[in-house]
Amino acid sequence: MQIQETFTVDAPPATVWKFFEDIERVARCVPGVQSVDVLGPDRYKVLATQKVGFISATFEMATQIESKDPLKSLALSSVGKSVKGAIGNLRSKDRVDFEATPEGGTRVTLTSEMAVGGMLGALGHKAIASKSKEITEKFAQALQAELRAGEAGR
Amino acid sequence: MSARVTVALRVNGRAYERVVESRRLLVDFLRHELHLHGTHVGCEQGVCGACTVLLDGEPVKSCLMLAPQAHGHSITTVEGLAGRGELHPVQQAFRDAHALQCGYCTPGFLLGAVALANRGVTLAGAALREELAGNLCRCTGYQNIVEAVERYLRQAAEGRRDG
Amino acid sequence: MDKLPWLGASVKRKEDDRPLRGSGRFLDDVEETLALHLAIGRCPYPHARIRRIDATRALEQSGVEAVLIGEQVVARTEPITVLRPFPGSAPTVFYGMAHGVARYEGEPVVAVAAVDRYVAEDALELIDVDYEPLPHVITVEDALRPGAPQLHATVPGNVVVESTVRAGEPDRRLADAAVTVEGTFRINRVSGAPIETRGVITRWAEDTSTLELWASTQTPHLLRAQLAHCLRMDETDVRVIAPDVGGAFGLKIGVYPEDIIAALVAIDTRRPVKWIEDRTEFFRGAAHAREAVHALTLGADRDGTLLVLRDRYLIDLGAYHGPLGPPLLTSIMLAGPYRLHDADIHRRIVLTNKVPMGAYRGYGQAESNYVREVLVDRLARRLGQDPADFRRRNLLRPDELPFKNVSGATYDSGDYARGLELALSRVGYETFRTRQKTWRQQGRHVGVGMSCYVEFTGYPSSAFLGRTGARFGAYESVTLRMDRAGRAAISTGVSTFGQGTETTFAQVAASLLGLDPADVAIHRGDSQGTPYSVGGFASRTMIAGAGAIEKAAGQIRDKMLRIAGHILDVNAAALEATAGVIRRRDDPSVQVSIQRVSEAAFLGHPLPPAEDPGLEATAYFDPPSSAFGYGTVVAQVEVDARSGEFALQRYILVHDCGTQVNPMIVEGQVHGAVAQGIAAALFEELVYDRETGQLVNGTMIDYFMPTAADLPAFELDHLETPSPVTPFGIKGVGEGGTIAAAAAITNAVCDALAPFGVELDRLPVTAESIWRALAAARAKG
Amino acid sequence: MKPAPLEYLAAATAEEALAALARFDGNARLLAGGQSLVPLLSMRLLRPTAVIDINGIPGLDRIVAGDGVVHVGALARYSALEASAVIRERVPLLAKAVPFVGDRQIRNRGTLGGALCHADPAGEMPLCAVTLGARLHIVDRAGRRALDPEAFFQGPYTTALEPTEMLEAVEFPDGAGTEAVVVEHARRHGDFAVVSVAATGLPTPDGSWRWIRIGLGAVAGRARYARRASEGLAGTRLQPADIEAAAARCLEEAEPASDVRASAEYRRHLVPILVERALGELARRRR
């Protein structure tokens, strides 16, 4: 399922892009993320815990930057499995597009596609759909907050 | 409290005591520790009813219980229905009505039917079909199972009246 | 031939006692004290590259004995063969375990052997598999799109094979037809779903380098052949044993990846190895069935004479050829029981990232019946004709049989219209139509639907199969032996999975040998000690098996008569075997017991001069033709036109399966098949999410198998037209009940909702799908 | 699949169970009927350090009436609810709902408390609790608290229960004299509801109805009490026009999701139909 969130910040694309080059900081905006380790150029290990109802799982994800188009877009892919809690696998594709607004700000469009594998995916199909929507929304909110805080601190 | 616990229970009237892993499902305990293979596993998801046994006389799904939960209880499996050489009336009714084909689901249905008779229930038609809905059969289309159970319950009721 | 006392008798089943007492021996009941238990790690993605597997942590676990990965499997085995590939098919290389790339969610990727299943599953979690998810395709339409992800380099465009059957002048007929109707139909992906899942036990004997494999299978000999090939062994060094099988329905045919995995682990560890499929694995590993998309056209004259059929259809094969191969009967049986000479059938078999397709009761026939019979009703409506009248006009008459249909199948015998009329009379068709009008005025929507079928049973000769590329024969075989007590024993490679073969084989043998069926023992399902066998599928066992028993029993009976003649000093030609004795036909008081004759054969005397000791015969029978059963289903439903909810009020089936060896078993087979037909029509569907490529409902919780409370009582009637082309006139019967269900019910719903102009074109039929169809019809006005 | 390793403790008293919950620091699960918990353990979707079996705690399955309420212990099994004359007479909605739960075997083991804590949006027990405005009594080592269903159910499979708390009992208002109807649409017998509707009310001698309450199941993340629709029916005679208006209001409460059982659109379509069916049936029950 593809989920899209759009928001606008008052900073120009160049500033926003700079923030997005710090993947560790970006990843920390994803709800549930516990740690981000750099594995190599454009490769990270992300540990994140997600909870749907009474089921929770901690996933260890290998996240990779698939493409970078400075000031325009950034694409990431992640794949991993649960290391604690419910047994399951997770993969996601995230894409962020930046667009300058006439007012000098940046419109940020976040597109996320997440799939949970194994029994967790099968049983939690419905719950996971609403959960991933919630995650994307919160991710967008957190990014916005971070970016705005950055603006304020400028 | 530990990952292993002692389970003492009666199965088909006989007392057993075993130390088992806490996580062991009751059905696995019956099948692989007590070697009572008549109780079958069809789904481990609490749906098919092939693992039905009587717990203190009432049908339950033994894939939905941990073995330690059976401590202190009395269990009846299909092996407990009839002695050597003879068939229990419910078994005879199933045979007469051709109510089994592959026979994998059969023990679950038999035990459910016996519990009904023990409760003095006589059901037929749609009401009986609802009562049997906790057991799946893939071979018979249920038609002859319903007929066999009807016949057996009628017989059991007559037995109670006469007795 | 002597009369056959046990043919047609509802003998109680020999098989019943074991499961009734709980003493049946199903695969998981075979206990192996030293066995290792397998847990199999499966690809969680529909399509993924496997970059690396690290089992270090698992191997350190106490109780873990071995780990097997795809690299080893590919190095040491051959890909799984296809028993009946469609001629011209491109190969899909399918190993016992994925190596490099996995192509469906559930494909085995790694296996752990441990002291018990619990520990094996613990260890599985400690194995790190580094997956790179690849783009996937879930629908056949997506698979055919330019630029679609390709599953196999050997199959460009994801089309395994494309083929056409043409008869007569379909294009001209279509142009000439006064009326044509078209429909696009989607057939659901379903599972045979026996209550017992699959399972396997392997034992490797190091001293003789031989392998023994116990499996829950319908085809011990074919499994052995495929397994030996995969393992690069000689068949003689592989023994396959099928214990009691807890339901099969087509999906337990041939070799599966897990058989190969369990064999390799047994060879590596020198320990017996057991793998019992759990239900979550079952839905992601055992063959799926039926899914197809048809674009069908029918054309008729103004008066309702059916002229032509055209179909363009796609079969969703899943990610690989399964061990049996795709359905062939869809095309062969598309024309059904109608007088049709012109057809144009075009088929493409397409790959998707889903579980490989396999056989399921009514393989191909349920699919073609659904699309044809639903469209026949539309055609009748278009013509303003009653659907019964339309069928009456077009059904083949008995005097037109044998009839070669547009695809080359030759229908042997039957009275198709009589089946239809009988079914219609059971529902009180003429009165129903009157009452239906009254009900409609009261706002009640009650409908009747019908569906007529002809059913291909058995295979028409090994030579025919050979010509179509099959790697097995049409025959069945038995070894029949008398013991010194005068009892008979049949050894057959056919296994016991509920179909009643132990009883019906005994009935045929007992009839021919003058015994009681109770005096005929059956040894079955073991490739060692039974002659080469094909196995129990394609509604062929009874036809081919009865022929083999007839030959073997004939040899034994003749020899018994010669020995008896010698003992009684009577010419053998004057004797008959009946009720446990051999006696003079004209003077029954001159007799000797079969027991005494058997004893003489065992002792070697007294025997006629030059007669060898022993009473034993092995016979093979290769049926020269298929036999065609037929029937009609009439279903009655009441639909709530607001909610779409409906009740299946009556379900009537009239069928003809030729001579019935055991009417009780025949009826049971029909009941079971009907239930599965209704299940696929109304309840079941394996749903894949097109975006994630994952199976959404792979549990019994979410795969809606009907309970007793979901099915009506079935009303059955039998016709009995012995086949002129088979032993004793027997036709197969196991599958027929599945064939006509979906169309009959669909037609009943459409009939009930005819005032709204509702058309249904997908399965399963649910309250929601009816509501959607109602909305669509209303929108069309 | 088989459960992951765990410890098993049979608690003899509530205190023992609560002490164990505290000791395992949120990583233990209470095991009541186990009809939802055990399959989740088997599928390894839940892997608590321990399960604490509360089946041996005496009195936890009590069903008693008094002071205008019916007190039902959390461990009361469906089969006990089915057999109870108190339930039949004083909480008829519960009696009407129980036959929709699972099957005979499930009802022999499953418990009211277990079902409420599982908080399945399609579950019949949460539907009854919400419809009847039950009070849920919760205990932990520090003390007791009681919650309304609206506060207890927080979303799909999510409740306000802390990992160290236990649901002890449920109090239903004494509904002696009320009539009750449960209507469901399901894909097969005993399956989770696609949509469920509960309706109850007290018929009065003048032909009007009091205390009408309608609940909706499987149409949102948790069971819903249709307050506006229910209140709108107070004092009416449940005439067709009243029923239609209530059904329309119920639809406003529905925010269904799509799943393998039905689409959201179809669930929305069914809501007013099933509400009308339930209220129609209720109207016919008037003595």
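Letters A, B, C and D mark the chains as written, and numbering starts fresh at 1 in each.
By our rule, a residue touches a chain if its C-beta (ideal position, glycine included) is under 8 Å from a C-beta of that chain, and two chains touch if they have at least 3 such contacts.
None of these values were measured; they are calculated from a predicted model.
Colleague: Work out which chains are contact partners of both subunit A and subunit B.
Modeller: C, D
Colleague: Go through B-D and B-C and name the pair with more C-beta contacts between its chains.
Modeller: B-C
Colleague: Which one of the chains is closest to the middle, using the mean of its C-alpha atoms?
Modeller: The chain sitting closest to the overall C-alpha centre is C.
Colleague: Express in whole angstrom the distance between the two chain centres, defined as the mean CA positions of subunit B and subunit C.
Modeller: Chain centres of subunit B and subunit C, defined by C-alpha means, are spaced 30 Å apart.
Colleague: Could you put a whole-Å number on the gap between the CA centroids of subunit A and subunit C?
Modeller: One centre to the other, that is 48 Å.
Colleague: For subunit C and subunit D, what's the span in angstrom between their mean Cα positions?
Modeller: Roughly 43 Å, centre to centre.
Colleague: Going through subunit A residue by residue, note those that touch at least 2 other chains and give them in order.
Modeller: 87-88, 119, 123, 125
Colleague: Would you pick out the residues of subunit D that each touch at least 2 other chains?
Modeller: 1-5, 39, 43-44, 103, 189-190, 260
Colleague: Find every residue in subunit B that makes contact with two or more other chains and list them.
Modeller: As it turns out, subunit B has residues touching two or more other chains at 21, 23, 44-46, 130, 133-135.
Colleague: Strictly by the criterion at the top, what is the full list of touching chain pairs?
Modeller: Those chain pairs satisfying the definition are A-C, A-D, B-C, B-D, C-D.
Colleague: Going by the contact rule set out above, which residues of subunit A touch subunit D in the complex?
Modeller: Interface residues on the subunit A side: 52-55, 85-88, 119-120, 123, 125-127, 129-130.
Colleague: Please name which positions on subunit C make contact with subunit D in the complex.
Modeller: Result: residues 117-118, 121-122, 125, 278, 280, 642-645, 683, 687, 696-697, 701-702, 704-707, 709-710, 766-768, 771-772 of subunit C touch subunit D.
Colleague: Please output the residues of subunit C touching subunit B within their complex, sorted ascending.
Modeller: Touching subunit B: residues 12-13, 15-26, 28-29, 31, 118, 192-197, 244-249, 276, 278-279, 497-500, 664-665, 667-669, 671-676, 699-701, 705, 707-711, 713-714 of subunit C.
Colleague: Any idea which subunit B residues touch subunit D in the complex?
Modeller: Subunit B residues touching subunit D: 1-3, 5, 21-23, 25, 28, 44-46, 49, 52, 55, 58-61, 63-66, 68-69, 71, 112, 130-131, 133-135.
Colleague: List the residues on subunit B that touch subunit C in their complex, please.
Modeller: Subunit B reaches subunit C through residues 21, 23-24, 31-32, 35-48, 50, 77-79, 81-82, 87, 91, 94-96, 98, 100-107, 110, 126, 128-130, 132-146.
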